[in-house]
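Labels for the chains are A, B and C, by order of writing; each one numbers its residues from 1.
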């Protein structure tokens, strides 16, 4: 059994919505956008954990919480055994060396005024890792070779705008690797790239993972890339995990109606599809996280909605081995009832 | 034949050189047909679309070729005639990034009515029933006419854009990446909608996307563009089942599939060329796995290898390997 | 520096492809040339500007020479003649020294006065006279010895004396000369009643009494200065300054000052005031705005309300109040300080909104993930992004500062020790230059102020267009 690297326990992030002067004077209660609302999961060392969801599902916020780019509103996240909410000062700086991020937009995640070399050297300078300029240049050259920007000397003096999108994303990956981290949050690293380039970046991420023994949190809205790269997939909807399991299980046997809709919606390069309509049972679009529906958050869009869905929020329970779902459709399941019984005594902490 | 493009050349005259965004492209489209145009960003597929609707942003200019729409060369028409008689009325466009394509200060109704105002002599009340009908056909409640764009979700905005494009019942609709920035489920809904509307009205369509999976959902015929050139064009089935050009083959193999487990994705090494200074001979030769000597010198022509299957590659000419 | 040019070559090229960019730079080069010329052409002016003595030998409020030529008016320029070429001799115990200055007068106009500087080296009592040999041979002997009170000495000393057309003894000599040549002096009971500045160069007739009526006498003039003593004596230096009715390139002002020298020195002072004030405002505004925008929240709220308050205060009245408080002690540094203090708010607002925008860019977050501190991010990532704006606003801030200083100076609240263009205008106002037609006192400084503002506005706008991507055209 691999060791857990990241443990999220009931983590929450609520953003207060500005009330304006009138609201403040009338002492209206503060309204919150519940971007991440009480979720728990564990990421094990060496795995790639994918978080899939539409925009507004809270997947990006979760990634930022785990890197302490945002402060938790509630709950606790651990890196190894270090509670993130207690980190500050030098320990936080040390944590930054361990956990890094790859950003969605390769066009703006590099300072346009910095050369590639300067961008890559920045983390080394901040952490005072290298003693001499030569040592730094050597490290930069080595990492550029790692991300297949060969020969490195040709790229160190270029500016980001002189590179293609795929090349820039490779630089962004190189930058994340500069500090030799253990954990990397990859926030939609390929969604802004052409389909033809996605494959290259995903392959690169996979090989770097082997080489440097990395653990990824892969955030995406695209199930097909998640299946390709991830070991496990968590599906998020409106700040909640609705389904979690091994990548193949979640995609080949989706349990939650939302996951089923996501799987059905993915376009396939098959011209036979031209003559039939896709079966999309889910209606409408994801609502704002300010107005979260009561009961099951998905019930207004769910094709199988029942009365209980409108009142009681379903819990995430293990329906099959290592396959969790939060849906009342499966409440007849024995495993489910067992958990609900235990649930009353203690909250499910770890998954 | 509804549309025929002959040797179209659209160049951008930038301060750092001439970008040959569309370079000698010919293709044709029948009535009721859907043409998918695929290629990496910067391959000229959007510029081709903008050339057809004559909205190329400066410093771009169509410098050669013909665009025959119902046997009229629309490049010869003066601007006013084209705007009044063709744009929106006969050829319309669904733009990339629907989120920004609506003016935030006018209601949906006002923006739809504007289309009528320019092309037809109708007042708001007469136009209203037409607009309501159009909104219903894209599965929107007509009450949406009184709303402002910021009150709509991304999917609703895209539906409004589609309704607007179809308002005057054009013969040809150009959809430029109509589903980028939309979530997967909404994307599927919009693709379904386009399918329904296309078969209902029999509109011809040019669908532009970098994603061959999206094109597969709609297209009868698929054109693959690379570095300003059309490298392969064929009926959809042929492109997907028996791609001929090495670029098309690679493009198809690089798509991550959801329904089947892929152990290793293939990808095209290298980067698309700089269109100011494209490679000699076949523009794909620096990235091609089957590159031959001739590829570096002679530019291949688009030839019909199989019925209706055209490809521009030396592999299929005499002396080629296949 | 060369790296800067090679890196920004396309931008520089684009800057110069704009006609107003070129005009702006050309104007700026003109002002820089003025600034370089000032210390070469008029080295002592800066420290002497308000000294009365330094300018006492000049005519008062006369126009430039070229102007008199242009309007074809009879003029006599202000000229200085000097000789050290003395002939010393010893005639049996009587020592003698002679110095002669020759002037060929071809001018149609008449001078307004004269000044003699004479330096003697002597050790005993000196007798000395000056003979003016006129072309009409009606020579004048000026008993200059009467006008000089030589310090008594028994060892050799050097002594310089200054005599002018206002010296009573010289007037007395001229009075005698006039009466000996049968000039009717009724109405002039004594030598104190006549004005002699023009008489040396006038035709000797009844009209000579009034400068307006006097007729110029052209020809060769000789000024022969004799000194006698029973001990060795020599005239080591003899200098004649003839104050004309025209002066130099830009005339003189009501305090006899050389306007051209003042205008020249105005350029470096204006450039200094402009750039320093603009730079201080920019630094304050940039740092203030970026901190406010970057940290956001309550701090931002407080800082921006302070800006709102400051920005709603009318600046000029407040500056006037402050400067009245500082009184005549208000030096240029106080003015620079005050204009900077009231000039940064606009920049702070723009810097804040830009910082708000930039801090949302992923590369800022990327830097944070890399472990960068807030100070690092502000100074390495945010402020460099603002530099294009900063360059443009630096250029645009210069004319504002120059105009404010000029306004304050015009109102009499500037630094009176410095020849700023505003000060020259203020002086023009004091002596009602417009009413008296002393155009050279207000048109040139006005044009120079307008020109320097224009130069920076042009440069600023061209920079803004080149560097600011939002308004940049393809």
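Of note:
To be clear about the criterion, contacts are C-beta pairs under 8 Å (C-beta built on N, C-alpha and C of every residue); 3 or more make two chains touch, one makes a residue touch a chain.
Predicted, not measured: the structure shown is a model, and the values here were computed from it.
Averaging C-alpha coordinates per chain and comparing to subunit B, the farthest chain turns out to be C. By count of C-beta pairs in contact, A-B exceeds the other of the chain pairs A-B and A-C.
Note on chain placement: the centre of subunit A and the centre of subunit C lie 70 Å apart, centres being C-alpha means.
Taking each chain's centre as the mean of its C-alpha atoms, subunit A lies 32 Å from subunit B.
For subunit A in complex with subunit B, the touching residues are 54-55, 164-167, 194-200, 202-203, 221-225, 227-228, 248, 251, 261-271, 273-274, 277-278, 280, 282, 285-286.
For subunit C in complex with subunit A, the residues that touch the partner chain are 361-363, 365-373, 376, 380-381, 384-385. The touching residues of subunit A, counted against subunit C in their complex, run 67, 69, 93, 96-97, 99-101, 103-105, 108-113, 122-123, 126-127, 172, 175-176, 178-179.
Taken together, the subunit B residues at the contact with subunit A in this complex read 40-41, 153-156, 183-189, 191-192, 195-196, 210-214, 216-220, 236-237, 239-241, 250-252, 254-259, 261-262, 264-269, 271-272.
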